[in-house]
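Have a look at this one before I ask anything.
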Amino acid sequence: MTMVDSATHSVSGISASVPETLSMAQAINRALGDAMQEDERVLMFGEDVGALGGVFRITDGLTERFGDKRCFDTPLAESGIVGMAVGMAMNGMRPVVEMQFDAFAYPAFEQVVSHVAKMANRTQGAVRLPIVIRIPYGGGIGGVEHHCDSSEAYYAHTPGLTVVAPATPSDAYGLMREAIAFPDPVVFLEPKKLYWSKESVDLTAPVPPIGRAVVRRAGTDATLICYGTSVPVALEAAEAAESEGRSLQVVDMRSITPFDDETVCAAVESTGRAVVIAEASGFASVASEISARISERCFHSLASPVKRVTGFDIPFAPPKLERYHLPSVNRILDAVDDLQWED
Amino acid sequence: MTMVDSATHSVSGISASVPETLSMAQAINRALGDAMQEDERVLMFGEDVGALGGVFRITDGLTERFGDKRCFDTPLAESGIVGMAVGMAMNGMRPVVEMQFDAFAYPAFEQVVSHVAKMANRTQGAVRLPIVIRIPYGGGIGGVEHHCDSSEAYYAHTPGLTVVAPATPSDAYGLMREAIAFPDPVVFLEPKKLYWSKESVDLTAPVPPIGRAVVRRAGTDATLICYGTSVPVALEAAEAAESEGRSLQVVDMRSITPFDDETVCAAVESTGRAVVIAEASGFASVASEISARISERCFHSLASPVKRVTGFDIPFAPPKLERYHLPSVNRILDAVDDLQWED
Amino acid sequence: MRPDVAIGELSERAMLPSEHPVCLIDENGRPQPDRRYALPSAEQLVAGYRGMVIGRRINDQCSALVRQGRLAVYPSSHGQEACQLASVLALGDEDWLFPTYRDTIAVMARGVDLLETMVLLRGTWHSGYDPTKYRVAPQATPLATQLLHAVGVAHAATLQGQKTVVLALCGDGATSEGDFHEALNFAAVFNAPVVFLVQNNQYAISVPLHRQTKAPSLAHKAIGYGMPGVRVDGNDFAALQAVVTEAISSARAGQGPTLVEAHTYRIEAHTNADDAARYRDQSEVTEWIPKDPLIRMKTYLTDAGLLDSDLQKLIEHEANEQAAVLRHGLNKDVELDPAVLFEHVYSVPTPQLREQAALLADELEREDAQ
Amino acid sequence: MRPDVAIGELSERAMLPSEHPVCLIDENGRPQPDRRYALPSAEQLVAGYRGMVIGRRINDQCSALVRQGRLAVYPSSHGQEACQLASVLALGDEDWLFPTYRDTIAVMARGVDLLETMVLLRGTWHSGYDPTKYRVAPQATPLATQLLHAVGVAHAATLQGQKTVVLALCGDGATSEGDFHEALNFAAVFNAPVVFLVQNNQYAISVPLHRQTKAPSLAHKAIGYGMPGVRVDGNDFAALQAVVTEAISSARAGQGPTLVEAHTYRIEAHTNADDAARYRDQSEVTEWIPKDPLIRMKTYLTDAGLLDSDLQKLIEHEANEQAAVLRHGLNKDVELDPAVLFEHVYSVPTPQLREQAALLADELEREDAQ
């Protein structure tokens, strides 16, 4: 059994090394383009990803640039899309597929759980599936039902999948390049509401590999743990807390599986208090896992029980009510206040 | 908003009140028969549930007794089965459907998550779906891949679903009667490996309602928390521990959602130590939730971090290796030993 | 020549669609005699026209309301009003309609309150009307999923001896989903009283029909389930009404389901959020303009002496009134109590939801106090 | 008479199946002239017969091994050996086979090591062979799912300019699944070189075909995807070989997919765990016995002077030898290292799996120490 850790490696980008201001949507688009340019086994397909460039324009220009054999529309059937990707990967390709919205990946659930996740194990490694399943996920965009689910728990609970969720344009670029180069299937969760968030990105700079969390903000009083959609809210809460005299550390998981216990435990042990933040409904979720892990592993460092700030255990709220459902700065600050501070 | 708790109520059975020795399979069969007898809106359908009586014979005799309009075979399509059940419930019926094995419910995932779970909320309660989705689940029967999944986390994470898992024939009867009478959809997880376990059952005796856990064994040193397939293993471990001088309490959740925080917290607070046991892979699972809840709610009563004994984060093992994968008495005892006992 | 093979209960010929879509009133408003289908009555045609004019007005009003920020999104059925109306006007009170997100006009035509209809697209809730009151299912977003629900309602009707027929709508793109297949198969096997009406508007967002299927026509899928497949001109209200009415009668008479494919065209972009210029030429749209379902009907009715300028004005007045109701209703903001988020998830909220509702209530109280 | 309508690329007639299944050698072993399909060569027929005899022997050996507790389960293809062999013998080395749990004989006939084939049913792992080595996918259990993988392999072949054709197998029951629909549609839309061979053995566990579909035949589903549908006598190796070979050539020539429905019968119960007496009369089985694919082939070959008792003995000897290899192999217990559970889930085990592997290793070490 090979038990070595995959080392941090820089992804040699094709895009120029001058930092550019990019939105997350543009960064993912660049990552796809660069990967397709470098490796002709990389394909992109799904619903409306061709001429239209995807409903979020993430695949904009790829068909024009690489032709409709490399970036193409499929019939409207998600199980079909993922199932076909399995076969294409079996025959040497590296398919990247787009599920148009989170909830529209559910028809593909069987293909994802029973095939994508299990093929390598089933065949004792003889068939590995380097597939990336891109899923625009989460709320905060005023979307109607079925367009705002945070479905990461379904995937994170499924052994054999690797699940990542970037929170910045740089990470989106770097993690996408990693995901495409990864030998195993990756569920790539794209936080819709951050598609238009911008950053100056050096596309050639190395990013931490899949499986590695980062401390986004230093702090000494308590640790906020988050990923994807919840990172900016956590940072905002930390900012607000500072003005109230509390120093909050923010850890961005980046990868949900593999999970970076090392970074999380070190962080929590340094502060002794933790709040886990995620948009998904809380019950039996990734936030539950993080809370349980911290409680199990950092027990004696904890000055207070771990708190969770998550979406409620309700179907995602309609547009006009979503702000009550989503973890807010105030709700995070309330949770921090509850961390049994001895004044 | 009605915020009252559903009171414990006895299910008036049709079966005689003399206790009988029944296997869990027979108990479920009786519950289905009695419910169909009492209420002609109750229907049973799925793959091979008619003439064959189901691959586990759970529906044995129902077609003969109630005719093939009440218990019938469908074409082989799980999304179809669940989707049709949604419509039948919309038009006044109370469908009970069988998914032949755990992993074969995945094709129905979208119907379950996007419709079964959400219809009542979507229509502000105008359309409620009294559907029972029966899923034989879990391992321990030497089944090949796709026949042994413990898929409860997928359902428990989905708001709008009620998820139960009986561990005894009496509970199987009582919970099934409750589930069929329930106004909302219930995912009814039947622990396959316990189908043939027997017990003397008084079908007319009241059983605790959905949402209520029970303490299956009293104990003072630590609490084992389990449900469905893991209950007998936990009880066996408690038995073994007793001979080693350790008194373990065993709580059988019975319902996963709604979750009985009251019983669990009282139990854990009484012992100060807890091990959560479940067959499913541990990451982002129901066991994670239970561990997190205990850590969050009973923090100051805990003498040791909560431990989890779960299936590994791997696809379910092949028959010849499943015993290494499943929570065993020894693994539970090891976990108990790890609960930081000060000698 | 191939002999007509009768293998199942229906002969091949009875299941295969005709070479050309059924058309009773052509693009120029001229009646086309048809061997199998009679022209609907004058009353029906006028009712259809009236409904289409109102529908068009509402469609265009809604698109405007999106631009004004009063609606979150609106998938318009501009150009598909004949399908919208025919599908509803052929139904009886005891029947059910299963619409998609694009079928707002059909929902309204079925009598659902205008503002209740707009709840989904306005974003105040997921669905605004009581489906059991109108016998109209919530508008479905996940494609093809509602077709199975339709089969379930229909089969439950059979079991309970109700005379109900269910009309289930979907688009051309939706026919590619597995649920479409399972629904048609279940309907046929259970001989369920369902009519599947596919509004083939040639596009699924950006994807044209020829990338969706290589079938000679979508109606050719019917024989694979052992049910009749019918192609109809989807911009001809008369033909649609005749075909759908016959399919409904057949279902009601216990003769099982029918698949109807209506050839129409999505004149506008998929929704306001879409940019159709990225994937189709405006010239294609222009070609479809003369086939407009309203124009040809107006010509026909005028020529037949069934429509004069008074009636036209009356109908337009009615359309304007309804648009005004909509406009005023949507311009009023609704007060929403966030507590509703927890109320309907279960019949009785779980202890977990009670805790969460309390948390939110506490937050709001503190917010108010500030 | 219906005119032959050419709407898409193929005419209706070219896509609809013939009234009767193609049959080249009838139940009595007599050759049947057929306008479209020539009898395969003597060599091919003898190879088929040889394979079927071995397949039958393995089928029956495996059923016995289940009774002896050496196999966890065995879904026998007893009676379906013609389908098993024809599907494989028509393939070239560069082609792929996508089998189901019932297609063990096809997998073996493709050259997969006998014992590697039995790994799944023996329970020592989920699949025992390297799919890329034999170009045989793992035997699929979740119904119809593998058809999509087949389309993917085929389309990737097209994109890479490989001349590969993919043969995808499924049962009659599997045609009801959504994935069947999506696979056929994708195959047609991408013009993928796939041949779908449905072994219609009349049952899906206990459910007879007429409760699975109301279609005139399963092959009638083809036209709904715009591909040819062919019905063939599934107990006639010659006809199967001819039909499948033609479908493969057509796919290889860039003419896209074909749906072939083979009419056969599941002589044994679904698996050893099943009790067929609960849902079908033995008389029905008895009726199918004379249609056995081996018997008719033996008669034909004997009559044609292609099979004498020496060759028959030689083939039987070979069958016995293979059965012996299987018996001996399966009677030997395999030593399994539980550490393998963690090895292949990911290319590089995650930190979580490393911890879990260590936990198990520690347990085993302590167990050993006792």
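We call the chains A, B, C and D, going by the order they appear; numbering starts again at 1 in every chain.
One rule holds in what follows: a residue touches a chain if its C-beta (ideal position, glycine included) is under 8 Å from a C-beta of that chain, and two chains touch if they have at least 3 such contacts.
Keep in mind that what you see is a predicted model, and the values were worked out from it rather than measured.
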More Cb-Cb contact pairs, comparing B-D against A-D, go to A-D
Please identify which of A-D, B-D or B-C repeats the interface of A-C; the criterion is that more than half of the contact pairs agree. B-D
Between subunit C and subunit D, centroid-to-centroid distance (C-alpha), Å: 42
I'd like to verify one number: the distance from the centre of subunit B to the centre of subunit D, where each centre is the average of its C-alpha atoms, in whole angstrom. 37
For subunit B and subunit C, let me know how many angstrom lie between their CA-based centres, rounded off. 40
Provide the list of subunit A residues touching at least two other chains, using ranges where the numbers run on. 75, 77, 79-80, 103, 106-107, 110, 114, 118, 121-122, 145-146, 159-160, 257, 259, 283, 312-315
Touching two or more other chains - residue numbers and ranges from subunit C: 125-126, 142, 176-179, 181-182, 185, 189, 211-213, 340, 342, 345, 350, 352
Can you tell me which positions in subunit D touch subunit C when the two form their complex? 1-5, 7-10, 12-13, 15-16, 19, 176-182, 185, 188-189, 191, 211-217, 220-227, 256
Would you pull the subunit D residues touching subunit A in the complex into a rising list? 96, 125-127, 129-133, 137-138, 142, 145, 147-157, 159-160, 162, 164, 178-179, 181-183, 185-186, 189, 339-340, 342-352, 354, 357
In the complex of these two chains, what residues of subunit B are touching subunit C? 1-6, 43, 69, 74-75, 77, 79-80, 82-93, 107, 110-111, 114-115, 118-128, 159-160, 162, 183-184, 211, 257-262
Applying the document's contact rule, which stretches of subunit A touch subunit B when the two form their complex? 79, 103, 106-107, 109-110, 113-114, 117-118, 121-122, 145-146, 153-154, 156-160, 256-257, 259, 280-281, 283-289, 291-292, 295-297, 299, 302, 304-308, 312-315
Subunit A residues touching subunit C - in the complex, by the definition given at the top: 47-48, 50-53, 55, 73, 75-77, 79-80, 103-104, 106-107, 142, 144-147, 283, 312-315, 317-321, 324-325, 330-331, 334
